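Here the structure comes first, spelled out in structure tokens, and everything after it is commentary.
Chain lettering (A, B, C, D and E) follows the sequence in which the chains are written, and residue indices restart at 1 in each chain.
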Amino acid sequence: MPGVTRLSVRNIRKSFGSHEVLKGISLDAEDGDVISLLGASGSGKSTFLRCINLLETATDGEIFVDGEQIRMVRKNGQSRPESQKQVDHIRSELGMVFQSFNLWSHMTILQNVIEGPVHVLKRPKAECIAEAEALLDKVGIADKRHAYPAHLSGGQQQRAAIARALAMKPKVMLFDEPTSALDPELVGEVLRVMRALAEEGMTMLVVTHEMSFARNVSNRVVFMRQGLVDSSGTPDDMFGSGASPAFRQFIGHFGGEQ
Amino acid sequence: KDWKTATITLEGAYAPWNLTNADGTLGGFEPELAKVLCERAKIECTLVASDWDGMIPALNAGKFDVIMDALSITEERKQIIDFTIPYAATPAAFATAADSPLANAAGTGATVKMTPGETGVKEIDALKEAFAGKTIGIQAATVYAKFIYDNFGASSEIREYKTGAERDLDLQNGRIDLGFDDAVYFGNAFAAANGALAFTGPEIVGPIWGEGEGLGIRKADTDLRDKFNEAIKSALADGTVKDLSMKWFKVDVSPAE
Amino acid sequence: MDIAFLSSAMVTLLKAVPMTLLLFSLSVFFGGLLALVIVTMRVSGNRILSGFAKGYIFVFRGSPLLIQMFLVFYGLGQFGVIRYSFLWPFLREPVVCAVLSLALCTAGYSAEIFRSGIRAVSPKEIEAARAIGMSGFLLVRRIIAPIAFRHALPAYSTEIVLMMKSTALASLVTVWEVTGVAQRLISQTYRTMEVFLCAALIYLVLNFLILQGMALLEHSLSKHRRAAPPSAVKA
Amino acid sequence: MATLELLGFGQNGWGALLLVATLMTLAVTATALLIGAVLGTLVATAKLSGNVLLVGLGNVYTTVFRGVPELLIIYLIYFGGSSAVTAVGQWLGYEGFLGLPSFAAGALAVGIISGSYQAEVYRGAYLAIAKGELEAASAIGMNRMLRLRRVVMPQVLRYAIPGLGNVWQLTLKDSALISVTGLAELMRTSQVAAGSTRQYFLFYIVGGVLYLLLTSFSDRVFNRAERRANRSMPAAAMGQA
Amino acid sequence: MPGVTRLSVRNIRKSFGSHEVLKGISLDAEDGDVISLLGASGSGKSTFLRCINLLETATDGEIFVDGEQIRMVRKNGQSRPESQKQVDHIRSELGMVFQSFNLWSHMTILQNVIEGPVHVLKRPKAECIAEAEALLDKVGIADKRHAYPAHLSGGQQQRAAIARALAMKPKVMLFDEPTSALDPELVGEVLRVMRALAEEGMTMLVVTHEMSFARNVSNRVVFMRQGLVDSSGTPDDMFGSGASPAFRQFIGHFGGEQ
């Protein structure tokens, strides 16, 4: 159902102490949107993703997931979510894939994947296992389902983390530099999985340094600079003539090393 | 070896037999008696405090030469160490809380003389009946413990404590109903308990407690033992022991001839 | 070596082993429960609760168990309030007091051990759990507790061995376990070395068994840390 | 008040004796910790050596001295030690008894126990050193000794500090058991004062408070040492410590 | 002095258990050579570098550093260096920069850099400090000299590691994936430093995934595959028409993502 707004972020601000990292960022993602979030190191990309699923509490601004607003209250001058229950519920609708995977080290891959559906969504275990195996198969690591995270290569861990997030059947997936810790061969594997997700119509917000992904897979590119959205548009616009001078300088870096 | 010097050990925490003063010096009946005995035996003595547990092994390991710590002369101990003649012999008695229904049991104030292994003593049989089902606290591994097990083991409950002092506290706490121990020791403890504790039943005296309290000496050191034997004899004969005893115990603990 | 004496001493001491084991298992059980309460207070973020927990840990870790046990057993009874309360029928029993003071003491130590286990849980794994919507007790039960327990296990095994050794103090409060019986035997026979060697052997065996058991538990809980089985290495 | 007088420094006050006893406890514990440091280092080295025999010996040491109640070990050293010294004396032609003084026997016994705990602390600390840093040392041509001195030792010390804090606590409390040798340390002095005055609770509580004082003092020392040692660690890790 | 053979490796073999990782590799580096070592993950590149400075003991083969052969003996069927003293000496002539930096965490950056010259080469401390500061200045982190490694960013640590290796005035530098853990901006910084070294004539052996470095900075490219040298040559040859089919496939990966 294209046209449905899955995620809407209005004027998000975030300060750490006196340092304002996000200075008012807005963004809407509709069903099937794949948005690449680019920006220099320290520009606040990770912080932005973390604010969306409330791992950080934004200082100001509004967040809607699938039309439902996250209710906030002010207490002692600090903004915080009104209801932990709502936060848990919203989080279960947002899949997050961390840069460093963050798999649970004491569980096998399969256990990692079914943990959320069984214990958070409280769905029947047998059903979850069947779905988890299908997912693991889809990302190509079905044979590793009984291995522990420590025994997997980086690329395999990354794909397990994606499967874990997908098992929650999230409305939106948030990826934080899903390939930066991988070697070139593994980068290819992970990007292939993400491309497949995009083709199935999953709504995704992807912080990345992979220009090829931004250019070829996403349908929108957002460039962040100094806590603000510097420019955004379709990949063709952004990598073509429509780019802002700052973005041109940014991608110049990458071009230079090729 | 001609004994010019000797080391005497005592616990220093068993008032009034021996105790430690706030300035760290040792005081009480035994330190004062030791001074007299050493003078008469012409030995220069050093007093050192040590722990009751392990005092006898420490003597045999050569850490000191004499134990003077209200050490009862018993057959078991005689197999390990030698004793001088006794310098004190004390009666034993039951104690209970002053307000206890067991206070003033039959025979309180009287004295019963017993020999080892003796049975059928009517005062004891009366106590057995009076104390049936009650809990009696004793200090573990003493002559008094053996007596209680032999006579009251079947009718009363017995609880063993590591020290008499701990038993006295529990007597006041009401965890146990009766205590049994050296009567002069109790006399002193009662004073500290401000009248909360009192004797009950008769004082028991006689050979049942062995010969009394003597100095413990290594078996090899017979010459040292003989010197102290002479000194004790003379201190008993001229009433020095009695004087010190009256000073510290308010009763005479000199052993009967 | 007097074999006859050694074996009779051994028999006497072995009879006290059940008491030692009773003290040990009860105090480890109740001490563990109490430690969970204390550590929860300690990490609660509430200033009053965590202050109380800090004080508790300081007092019970910082003073000798002998003194604690003395005060619990002989001291509590000095108060009429306690002596005439419903608690007295329990506190009157030496075994109850011995277990109580052993448990109070080990709770202080164990709480610290559990806390360092909790600190060792990677914040990233906790974030991953939050990100799928876990919070509160579910988060503790599924993620924090299993990882923290595994982390705390080596230190905790040491603590329960110390606990086994601490039961030796219970003879102070008229509970005659192995060490107390050994001391009593010594004051009857004056054969310090022989008796203590027998006692040492008993403790050594008990502690060895405990440590083996804990090592087994540790092994079975660390599948995820061991080198991968051959099938997992390939491909 | 009678209580104040009993605890004071006057004629009937136990203040001076308790103070000396506290210092004695401190001295015994510090000596034992030192003895334990030497033994612990040797045993840890043995356990890390990879030599089957040495590893076995190290394991026996740490198992026995952690597994047997401290009191028994103190007795074994106090009495057994005297017999051994006497035997050596007689062999050398000295007639009569020789004994380990109670301070030496007590500190040695507690030191041996402390050594078994310290060995584990040092071993853990060694294993915590990043392997890469050892390789980096080899890669610039450091020989074994130099590497030990410049890279291994400083880091073992750093990683060992929190564990040593715990060992200090254990050693402090084990030192209370030396009272059976008659050494006038804090535990025994409290007991003697209690027995001589029959003020059991007063002196046990005072004894306990003095132990807590020693604990808080040593906590402070170890915290400071830890902060100093961790100044090279990231701020986040320090906050956790 | 071009033409002097700084490093010569003949027919190196290395097995872990029954798994033979290096199956006979030879390589010569002359003064001023900058050799890029390429190969898929697991092809044995790190193992090869580690054998050269004897962090691993090769099962077979000969190594010469600046003409001096490392003497080996066989004992119980295992090959091992004859003299630890010679090994220490040779190692002090080979600078190694590890992928994970391996700075000594208990020393400041300056202390890390002077450690080798002062304690291994036993040179006067004042002199070493002066040189170290010049080196740190050269790699651009002079202002961090009193900081501890944990307080530096990845790129800064990497450059400190290079300075530490250079302070030993090595005849040859070995780099193991000097940029793989860095973000694109930091990659640029580190490659700039290495390019400067190359221009000064330092002999370098560099394991890398950066094709731009292999192509533009090095004067020889060696491609390893399954424990053997698959092909080698000048960058122009290798990236041009002279490439083997395996190498062409290998670089295809990279091309595909651009």
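Note that in this section contacts are C-beta pairs under 8 Å (C-beta built on N, C-alpha and C of every residue); 3 or more make two chains touch, one makes a residue touch a chain.
Keep in mind that this is a model prediction, so the values were computed, not measured.
Considering every other chain in turn, the ones in contact with both chain B and chain E prove to be D. The minimal number of chain-to-chain contact steps leading from chain A to chain D is 2. Common neighbours of chain B and chain D under the contact definition above: C. Of all chains, the one whose mean C-alpha position sits at the greatest distance from that of chain D is A. Averaged C-alpha coordinates give centres for chain A and chain C that are 45 Å from one another.
Averaged Cα coordinates give chain C a centre that lies 21 Å from the centre of chain D.
Here the CA centre of chain A is 84 Å from the CA centre of chain B.
Between the Cα centres of chain B and chain C there is a gap of 39 Å.
Across the assembly, chain C contributes 74, 78, 192 as residues in contact with two or more other chains. Touching of two or more other chains is recorded for residues 75, 79, 200 of chain D.
Those residues of chain C whose C-beta lies close enough to touch chain B in the complex are 74, 77-78, 83, 92, 94, 171-172, 174, 176, 180, 183-184, 186-190, 192.
The touching residues of chain D, when paired with chain B in their complex, are 6, 11-14, 16-17, 75, 78-79, 82-83, 86, 96-99, 179-182, 184, 188, 191-196, 198, 200.
Chain A contributes residues 53, 55, 84, 87-92, 94-96, 98, 100, 102-108, 115-116, 119-120, 143-144, 146-151, 161, 164-165, 168 to its touches with chain C in the complex. Across the interface of their complex, chain E is touched by residues 130, 132-133, 135-144, 146, 150-151, 154-155, 158, 231-235, 237 of chain D. Remark: chain B residues 53-54, 56-57, 76-77, 80, 140-141, 159-162, 166, 169-170, 172-175 touch chain C in the complex.
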